[in-house]
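Both complexes below contain subunit A, partnered by subunit B and then by subunit C.
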Partner chain A sequence: MRKKSLLWLTAFLMTFLGAAGMVWAAQGEIRLGSINDMTGATSDVGKDYALGIAEAIAYVNDIGGINGKKIKLFQYDYGYRIPEAVTTYKRFRDFDKVVAVLGWGTGDTEALSPTITKDKMPYVSASYSAHLTDPKKTPYNLFFCTDYSSGARSAITAWYDNVWKKDAKYKARRDKGEKPRLVCFYMAASPYASAPIKAIKDHAALLGIEVGPDQDVSLTALDTKSQVLGAKQFKPDLVWHGNTTMSVATAMRDAYSLGLGADHVVNVWGFDENLPRLAGPAAEGAMGATVCAFFGGKAPMMNKIQAYAKRINPGVPANKRLVRTIQAWGAVLLLTDAMKIADKQGKLNGEGIMKAMETFKNKDFGLGSQPASFSATDHRPTTGAPIFKIEKGKFVLVEAVDLKKRWPDKWEKEWMGW
Partner chain B sequence: MQYLPCGIYHEYYQQDHAWWQTRFVIGKMILLGIFIFYILPFWGGLYWVGVATLTIYTIMGALGVQLLIGYCGQVTLGHAAFIAVGAYTATLLTLQLHLPYLLSMFIGGLVAGLWSVLFGLPSAKVKGFYLIMTSLAAQFVTVDFILTQYVSQIGGRGQAFSLPPGSITIGPLVLDSDLKVYFLGAVLTILLTMGLANLLRSKVGRAWIAIRDNDIAAETMGINIITYKLMAFFVAGFIGGIAGAFWVSTLAALSPEHFQWFWSLWLVGVILIGGVGSIYGTIFGSLFMVLIMEGLKFIIIPLTPVYPALTMKFLFLKEATFGLAICLFLIYEPNGLAYRWWQIKNYFNLWPFSY
Partner chain C sequence: MKKFAVTLFLLIGIVSLLALPCLAAEEKAATLEKAAPKATVGKGKAMKIAAAKAPMVKLDRIEIANYWGYYLDGILDKEGKLTAGRRGAPLVLSFVYSVQNPNNFKIMLDDLKFTVAFEEFELNTLTFFDDNYIPAKTTDYMRFNGTFDYNTANLSLLVTGGFKLQEMNIKSGDLLKKWWEGISDFTFPITVNGTATFVGPNGKNIIVPFEGTFPPK
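For the complex of A and B:
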């Protein structure tokens, strides 16, 4: 008996030490940390994102890494628990000695923001919260695409222009001079879902949209009938969905079965290939703020993305992959392109990488996203977003909204950092 | 019960109730003090300081749960709510009224204690499963409703906000590094643990234990069980509030997501694994839960480049392991790690004649 357990122990140690040996053998590498959610409240979108991160890093390494130096990726699942994100970050900083971190949710990114600023650690997040775009407050936070607030403003603008003003079903009310009505469905306790709400209400006032009482829907909701019934009393024309795909699909199905009769606009993390699959006919006509091409959609890099998805993660079939993969590539390409510049200048550290990112003007990553520009005073990557609509289960481009063109004064002076 | 070396006889009650009864114990405590205040922070590296800070926060959070469940028999599944009340009160007092941080922390503790008493009131009438339901209500009413919808709006910062650098100070000292926060936490934890341990050997503590063991018998002996239960809720809430106020200093950021129901459950897990009805148990449980999570990182992070499946497939087990660990502890070690520690100590105390 004892012999057997000794044998197991040896086998375990051999695999572990062998692997560790292989890992530590590689020298002259650059270390990156990635904090992902594969088991927590946002794992419905987090798993695909995590796969995408690993694939994109493999691609960057294949085309030569950072000027010849390979990237070593440390990836860890924190289960959407903030205390664990904090210790994982500290491990990356003090133990693995990474030069930059690829982060995940708004809650932990905003919670870690004071710490990373102090540590001068570039932090490219999957949270596109507009709170992270003011370099005066959060100089080391960055992301590659439209922030939540601008995305929401764009989506509501697109609905207002293309549906409210044109659709025949609203003709009678338009002619009477009535205002459209909007209700927000989101998890108030989640910083991700509540991040763009202030901007949405501001934008509704700007366009002359009436806003009804907010409905609190959990990120893990399986039933939203009471919220839909609560919203129904207000008779909304438009519902804003601020959660992730699973919760959004639940809310849409309940709205459909209870005959809410409103159109839907969805935040970026609630709008992907799974939405029409989960919500079926309830998702027809829903519009979403998208930040890049869908998986298999039109983009110069799409062939490579698909090839790497197949090569690195052959167990996950292509029809199960999501737009999240492309978003992950965006985060990786933004960071690694900046690292290449910083490395050439011999400043591969926090400050050097951020300076390099701030030189990007109209940078196109080939992912079908809007070109991104950064400056030392403004970290909002884009000035609008392409708005897609679900028609017969497929995504169709409605309009690419440019907020800066339409409201230049407000864009420059008012809409910064929220 | 504890064993004493030969030749040591207690003649007074003070000796019998002293914390450290022999020189050997005092020596061990000095070594522990040196470890906590010198070796770990100055030789351990910042990463371990970070892990220790999280452990300290878990200990402080779990102390209140230990008091309620382990010493007073009032099962609670909503303790994160009181931690949150302390965190929000302290932060808003610091930011809005510019009170000193330690004073805000103390007031945060008091407010959390009173809030806890409010949700402890049903314990006068209900027990067991029904009390669990009311503590669950505390969690959702406090965190998801009152704090998210109303309290977060004070000052117009929104649900998630960070504190400007340099706003957390103790006198002239700005708490701006992991090390300073660690020292603050270590001192607070020691004070709270000593305070609670002292309470437990007083009349109040004996009354709590009597209520836990049999509330009807306790009442017939003249203990006013409602007063003492509410007192337990107050002390537990107070300790939770201090823990919350301390957590603010570690991150300088706050949102309701820090205090989700999962964290309440986690704290109950901590005391189940550590040992119900033992202050040691709280500390061992916290160490176990934090170190297991960190240990997993040590195994998984270096292995993922070689076995990529680990990240995607194995990590799902992590959530299951938490439940499994509690099941296994309840089956094979129902008294928790604290009991095992007691046995180990006795083995050495009685060696070589352990019969």
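For the complex of A and C:
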């Protein structure tokens, strides 16, 4: 009897200590840093993205964190000032001891790239610059969706196929054998806005489109009449807008009022729910490269995204939320899914997280984005982009362009990393 | 022996099940309270309260912690108007909040973030991550400092409020000058809108939205 009691006591102690050990192990906290622009030159899109980051992290924590470990998010506004981003990164690395960083702009992401490579710090940014897609040069940079250059190539291709080749307004010019004409509106000094310009001009040459003089438009522009008048002399059929929404809306309004007469294609950060609100009829027909569903649009995760937006940031009404929230969820889910794999393998560090991300093949985040694939030699997440246009203030799908299918050789041999 | 093995298996299962809800618990968690009331704070509702009553967060006042006059180091623009100049004009504001813990146990403020608007223009979002414990049944006063600057405020105004300024036929510089010169008397309303995240004794987050205006209406 005494022996049996001893056995029971031992069993009880073993199970109790085992469970307690589980809890203690699970109490570990994983730290993530997030650098966001809530007050600077890209805050028109950065504020909503920042809200989305916090909401997505709350969701990940609610479903168990990283295999039971809670994520502690350190999120700072850097006002789109590169020196401040560099300083914040150093605080993340040296003081907060984060395992990875959710970044923002192209300027700071590219400026930090050599440092994060040296530190082996995974850096999932909201900059989708193609300069960050070649792992030989930027092995610790990644993002979840179509890069700017592929998005621009896709958008221009969609306009060429669906508008230039089909629209009756261009018939006479097509019949004469004339080439379509393109002008780029963007802030030349902005690494984000200028990132895809080389690819755009290369793609224009590929499709036989003439390119006119670039028009330098500030990200904070409230008046672009001189740029529109400058472009008008070239008589463009198409304008590429490379800035963010507020500046793009300004340029579209001025183009409309001054009768530029060109169609518009817009980079991802200039094409959101605020564009038709701000530009009104001037935005009708504008096409844009998109990377995921719009806020409230069709996507398996949308109900959760909306619920967390309401729960975590109840002061921001749903009708003011943007596609930027969904983009933020993409960054968070890409990183945290990889962290879960790395953690299970006992390698929750820079190398382990990056290797985990590079195992993703056709990964669907449930955000209405194209499935993403990564490898150790290619960090381009997708091979094209769905192109939408604005019709009566709503977003309508034009077509999903697959660049790899259409230009397989160029995709494989020429287009990576720029 | 067979009975022993089955019971042991069940025991492991029960203890594991008991342990699972604690997986996300903070190591600093205190005793568990059973009540799960919903509380209203300001205009918002506390969300997903599992075990603790939601603390009340209220803007008590705003103070000027540090101020560079708009005119210091200022330069004249083309129209002969004084501007803050290229070096800007820093303005540090202290936001003092009262945080009331209605519970019988201490509770931890995990983070607090809020957006600050001068009149109807949002200029800055401030976040604080330092852990603070609020003792049981007490009201704590906490001070959060935020730095504003003429140049960064101007950038924010132009990007997010540019069209509104056009509609109001106001230049951003004129508005900033009015604010920087009127701040010492708080001649315009400053509003805050944010959320505070507390960690309850069971390790679950309690998110408390809050908003406030200073000077009070």
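List of remarks:
Keep in mind that, in the parts below, the second predicted complex is superposed on the first by the 391 of 418 C-alpha atoms of A that agree within 3 Å, B and C clash if a C-alpha of one lies under 4 Å from a C-alpha of the other, contacts with A are read in each partner's own complex, and residues count from 1 in each chain.
The rule is simple: a contact is a pair of C-beta atoms (placed from the backbone, for glycine too) under 8 Å apart; a residue touches a chain by one contact, two chains touch by 3 or more.
Predicted model, so just to flag it, every value in this text is computed and none were measured.
With both structures placed on the common chain, the touch criterion links A:R31 to neither subunit B nor subunit C. In the superposition on chain A, A:V86 makes contact with subunit B only, while subunit C stays out of contact range.
Looking at the shared chain after the overlay, A:G107 reaches subunit B, while subunit C stays out of its contact range. In the superposition on chain A, contact of A:M246 is made with subunit C only, not with subunit B.
When the two complexes are overlaid on their common chain A, residue A:D94 makes contact with subunit B while staying clear of subunit C.
In the superposition on chain A, no contact is made by A:K404 with either subunit B or subunit C.
Looking at the shared chain after the overlay, A:N61 reaches subunit C, while subunit B stays out of its contact range.
Once the two complexes are laid over each other on the shared chain, residue contacts for A:D77 go to subunit B and to subunit C alike. In the superposition on chain A, A:R173 contacts neither subunit B nor subunit C.
16, 18-20, 22-23, 38-39, 47, 50, 54, 72, 74-77, 79, 312-313 are the residues of subunit A that lie in the contact sets of both subunit B and subunit C, per the superposition on chain A. Considering their complex, residues 45-47, 50-51, 54, 57, 143-144, 148-149, 158-163, 165, 176, 178, 250-258, 260, 262-263, 290, 293-294, 297, 299-308, 311-312, 315-316, 318-319 of subunit B touch subunit A. Contacts from subunit A toward subunit C in the complex involve residues 7-8, 11-12, 15-16, 18-20, 22-23, 26-27, 38-44, 47, 50, 54, 58, 61, 64-65, 68, 70, 72, 74-77, 79-80, 219-220, 222, 244, 246, 249-250, 278, 311-315.
Of all residues in subunit C, those touching subunit A in their complex are 4, 8, 11-12, 15-16, 18-19, 22-27, 44-45, 47-48, 113, 115, 122-127, 129, 152, 155-156, 158-160, 162-163, 165-166, 193-195, 205, 207, 209, 211.
Interface residues of subunit A, counted against subunit B in their complex, comprise 16, 18-20, 22-23, 36, 38-39, 47, 50-51, 54, 72-77, 79, 81-84, 86-88, 90-91, 93-96, 106-107, 110-115, 117-118, 131, 188-191, 194-195, 198, 216, 312-313.
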